[in-house]
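In the two complexes below, chain A is the common chain; its partner is chain B in one and chain C in the other.
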Partner chain A sequence: MSAGDWQAVGVTLRLAATTTLVLLLLGTPLAWWLARTQRSRAATVVDSLVALPLVLPPTVLGFYLLVLLGPQGALGQAFAALGLPPLVFSFWGLVAASVASSLPFMVQPLRDAFAGVGVRMTEVAATLRASPLDAFFSVAVPLSRRGFLSALTLTFAHTVGEFGVVLMVGGNIPGATRVLSIAIYDHAEAMNYAAAHALAGGLLLASFAALLALNLAHRRRTVAPA
Partner chain B sequence: MRLARRTALGMLGAALMPVHAQARSLTIAAASDLRFALDETMRAFRAMHADARIEVVYGSSGKLATQIRHGAPFDVFLSADREFADALHRNGFAAGAPRLYARGHLVAWSTDASLGRLPLADLVRDVRVRRFAIANPEHAPYGRRAVEALRSQGQWDAVQPKLVFGENIAQAVQFVQTGAAQAGLVALSLVLAPALAGEGAYTGVPEAWHSPLEQSMVVTRRAMDNALAHAFVAHLESPAARATLARFGFAPPGEGPR
Partner chain C sequence: MTASTTIEARFAHRFGTSGFAFDVDLHLPARGVSVLFGPSGCGKTTLLRCLAGLQRAQRGRLVVGDQVWQDDASATFVPPHRRAIGMVFQEPSLFPHLSVQGNLDYGLRRVAGAVQRTMLATAVELLGIGALLPRRPDTLSGGERQRVAIARAIAVGPRLLLMDEPLASLDAARKQEVLPFLDRLHRELTMPVVYVTHAIGEVMRLADHVVALEAGAAKAQGPLFEMLARLDVPTLAQDDAAGVVLACTVAARDERWHLARMDFDGGVLWTRDVGHPLGSAVRVQVLARDVSLALAEPRETSIVNHLQGTVQSLVDDVHPSNVLALVRVGSVAVMSRLTRRSAERLALAPGQPVWVQVKAVAVVS
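Here is the complex of A and B:
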């Protein structure tokens, strides 16, 4: 693999790690709120919004982000007014795009895990005079660790595999926005099939390994006696 | 648990590590027909500026121009025609007037040599040609010229049901090369690339059948003070670079800047 390919691997891992971290911080409170207020009308609307990236073509998301974050867009102009560098065609623009497109992969497993055990047990903890924050971290989080494991793995893996959104707002810039999926596309277009094979095969194996590890972890926890 | 914490810290560290900033850098946005010719031309330029970070991004001219309008960090734009470069200049996205650097050529190409040698009218009607590849005429200059050429020869109606559109001219070539399309109207510069050396046969499309591919370049507004960008423009106008482009079938641009 060439130096450029390793650079694409680096950008991809950095993007996936950053996105997962941001979504963990944003998604956990959101999932908790959704789990606790499942029957409210507001929760139903928010739930649907969270699921949108699952059904929308990534290009739709990419198009709106491009319009919003570009120099003529509302957010783009706000950034320029604050003296910040533009988000489109930059690494942090990709982070923003990936956070939007991977949102359901973080929120949905967490929401289900919280709804399963966390909420009820936290209420029990509250009767034992645990503060809400204490109850959340010492009761809900440990009980929902399988949900966290799924959410983190799926978010990371989905970000690694993202293509459409990145193609729209990324611009294929080496070292900043050329992620693995784009590098493969580029190699194929340059008819450099050996390089495309190396990256595509590596990605295939890595994705399978991640999912296999996740399933093994789930099985162990399910089968092993408590 | 400790492992989990260490992994999380590692993730945070990786996330916050900045892309190494370098004093001298140049990002070139180039039309896809230059994919192989420019790589070769760049070798000498990179050697001259070994300390600089130089990147080339390929795509259709229209797509790259749109990205520049949306703030993409490109310093030099090499278009496959003059229209996209002119429009950027007209709308204030360029540091100076476009400069002509080469003339591109359209060819009808097939990996099946017996097809590649047919006149255009026979080629598009041949039953063996089930799919005919061109670049997307919406934003790829070679695609626009292909449509013009097919229309001028009265072949548009015959070819239309067979058409497939590459996102840029390199993808149209890829369609033909992989056999997904049996023939296409593509860039001579790509057919002459070593990666395809001698595959099938091609027939030149007379320039009279379409408006010329006057390939023009501009330094973008953001790179107005980037000395490396201006050095690259001068490099591409040097006799050595012109000779390399000529080997890939590009004609010289004629008398200096137009």
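Here is the complex of A and C:
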């Protein structure tokens, strides 16, 4: 593998790790809110918005993000007004795009896990002197371990595999926005199948290993006597 | 606990969707077990949740001893985690990710003071769960789980213990396993307990004070012995297991016939000897369906217990063939369920002296 390919691997891992961390911080409260207010109209609307990236072509999402983050877009202008570097065609632009496109992979497993914890457990915690925040961390989070494991793995893996959104918003700048999926595309375009194989095969194996590990972890929790 | 821990609660709430409304005004004593009794849907669990602060009544005032937990006038509402309560839910609801010890420690770590450690020891001892401490909740039986849940609620040293049908999720055998522990709590705990149930047997066994709820309102409230002898509280008097409970002392035992003599304020009853030591105080249940009346002293009969009394009142029973009679015996009263035909044939009326035959009595605790 060339130095450029290793660079692409580095950018990809950095992007996936950053996106997963950002989404963990943003998605957890959102998922908690969705799990606890499932019957409200606002929650139904938000729930549908969260699921949008699952059904939209990535290029549509990427296009709107490009418009929004670009020099004429609302966010782009806000960034310029604050004296910050432009987001489009930068690493942080990629992070923003990946956060949007991977949102359901973080929020949905967490939402389902939180709903499974049930209101009773946090009520019991409250009668044992735990404040709502305390009850969240001491009861809801440990009881949602599996949900967190799924959400983190899926978000990370999905970010690694993202192509369309990344291409629209980030372009193809080596060391900054050139990620694995784009490097593979370039190699295939250039008929350099050997290089494409190395990256594609590696990605395939790594993704499979991650999902297998996740399923094994789930299975052990269900099968083993506690 | 000091005598000032009287509980005064007034809650009113109307549910938007179902139209169900409740409006209750409770004065509960500082000691002993107050039972909220009523059919399902009468609002007793909602009331308990309002006491805990898990639900906020639209209008309410709750004062426990010297603490105000809810007061509309001053916009006070203390959230549940700042109330000195212990709560036992219908389902044991143990934290599945913690051991029994971890469950007990959960609340304990969140209350201040070394004083609480003694409360934990007391709770573990009272509920007999010492051997269960290292176990995981999913390895316990239903009865054991509920005992741990009760210990967990007591271990935080609450000023008020709330119990929401703690036996309802258990089958008959498990109920029998847990009930003796509730008897012990009743005898040995000094904190006030509010206990929700729809089972009259639990009322007779555990209650000191009874609040009869119906359709979101408190129909009557008062001390157990008075409440059971009231014919005007339909939920109590119309139950198939309607009857009274007498406070008795074990006064003698007859070794030959395996019987024990229970003395109460007004007479004696012979019961099966179940081994209570002489001089101990017990509750003896006399169900209305086991009591018959006669105008002359019955002599040639297999029934052991005869008492002399005076008819105090008669009311209609659920079925038109029956009436309920309340008969004063000494300073207490017993209830008799008899056919309307018999009542007329004997020309029963208030003030009339009668003989009371008690076919069966049971020592409930």
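The rule is short, and it goes like this: the second predicted complex is superposed on the first by the 224 of 226 C-alpha atoms of A that agree within 3 Å, B and C clash if a C-alpha of one lies under 4 Å from a C-alpha of the other, contacts with A are read in each partner's own complex, and residues count from 1 in each chain.
In this section, a residue touches a chain if its C-beta (ideal position, glycine included) is under 8 Å from a C-beta of that chain, and two chains touch if they have at least 3 such contacts.
Being a predicted model, the structure only gives us computed values, none of them experimental.
A.B. asks: What does the overlay on chain A give for chain B and chain C, a clash or a fit?
C.D. replies: Aligned on chain A, chain B and chain C fit with no clash.
A.B. asks: Kindly classify A:52 by the partners it touches after superposition: chain B alone (first), chain C alone (second), both, or neither?
C.D. replies: So A:52 meets neither chain B nor chain C here.
A.B. asks: For A:123, select first, second, both or neither according to whether it touches chain B, chain C, the two together, or no partner.
C.D. replies: second
A.B. asks: Quick one: is A:131 in contact with chain B, with chain C, with both, or with neither? Answer first, second, both or neither.
C.D. replies: second
A.B. asks: Is A:142 touching the first partner chain B, the second partner chain C, both, or neither of them?
C.D. replies: The answer is second: A:142 touches chain C but not chain B.
A.B. asks: What is the contact status of A:198 with respect to chain B (first) and chain C (second): first, second, both, or neither?
C.D. replies: neither
A.B. asks: I want to verify one number. Taking the Cα centroids, what angle sits at chain A between chain B and chain C, in steps of 10 degrees?
C.D. replies: So the C-alpha centres give an angle of 170 degrees.
A.B. asks: Based on the superposed arrangement, let me know which partner A:206 touches: chain B (first), chain C (second), both, or neither?
C.D. replies: Neither partner.
A.B. asks: When the two structures are overlaid on chain A, which partner does A:68 contact: first (chain B), second (chain C), both, or neither?
C.D. replies: After superposition on chain A, A:68 lies in contact with neither partner.
A.B. asks: After superposing on the shared chain, does chain C or chain B touch more chain A residues?
C.D. replies: The partner that reaches more residues of chain A in the superposed model: B.
A.B. asks: Just the number, please: smallest Cα separation between chain B and chain C in the overlaid arrangement, in Å.
C.D. replies: After superposing on chain A, chain B and chain C come no closer than 14 Å at C-alpha.
A.B. asks: Overlap of the chain B and chain C footprints on chain A, residue-wise?
C.D. replies: Looking at chain A, the two contact sets are disjoint.
A.B. asks: For the complex, which residues does chain A have touching chain B?
C.D. replies: 13-14, 17-18, 20-21, 66, 70-72, 76, 86, 88-91, 171-176, 186, 188-192
A.B. asks: Under the definition above, what is the set of chain B residues touching chain A in their complex?
C.D. replies: 8, 11-12, 14-15, 17, 19, 27, 32, 35-36, 53, 55, 57-59, 67, 70-73, 168, 170-171, 173-174, 177, 193, 195-196
A.B. asks: In the complex of these two chains, what residues of chain A are touching chain C?
C.D. replies: 120-121, 123-132, 134-135, 138-139, 142-143, 226
A.B. asks: Mind pulling up the chain C residues that touch chain A in the complex?
C.D. replies: Contacts found on chain C: 52-54, 79-82, 85-87, 89, 91, 93, 95-97, 106-107, 110-111, 136, 138-139, 152-153, 156, 162.
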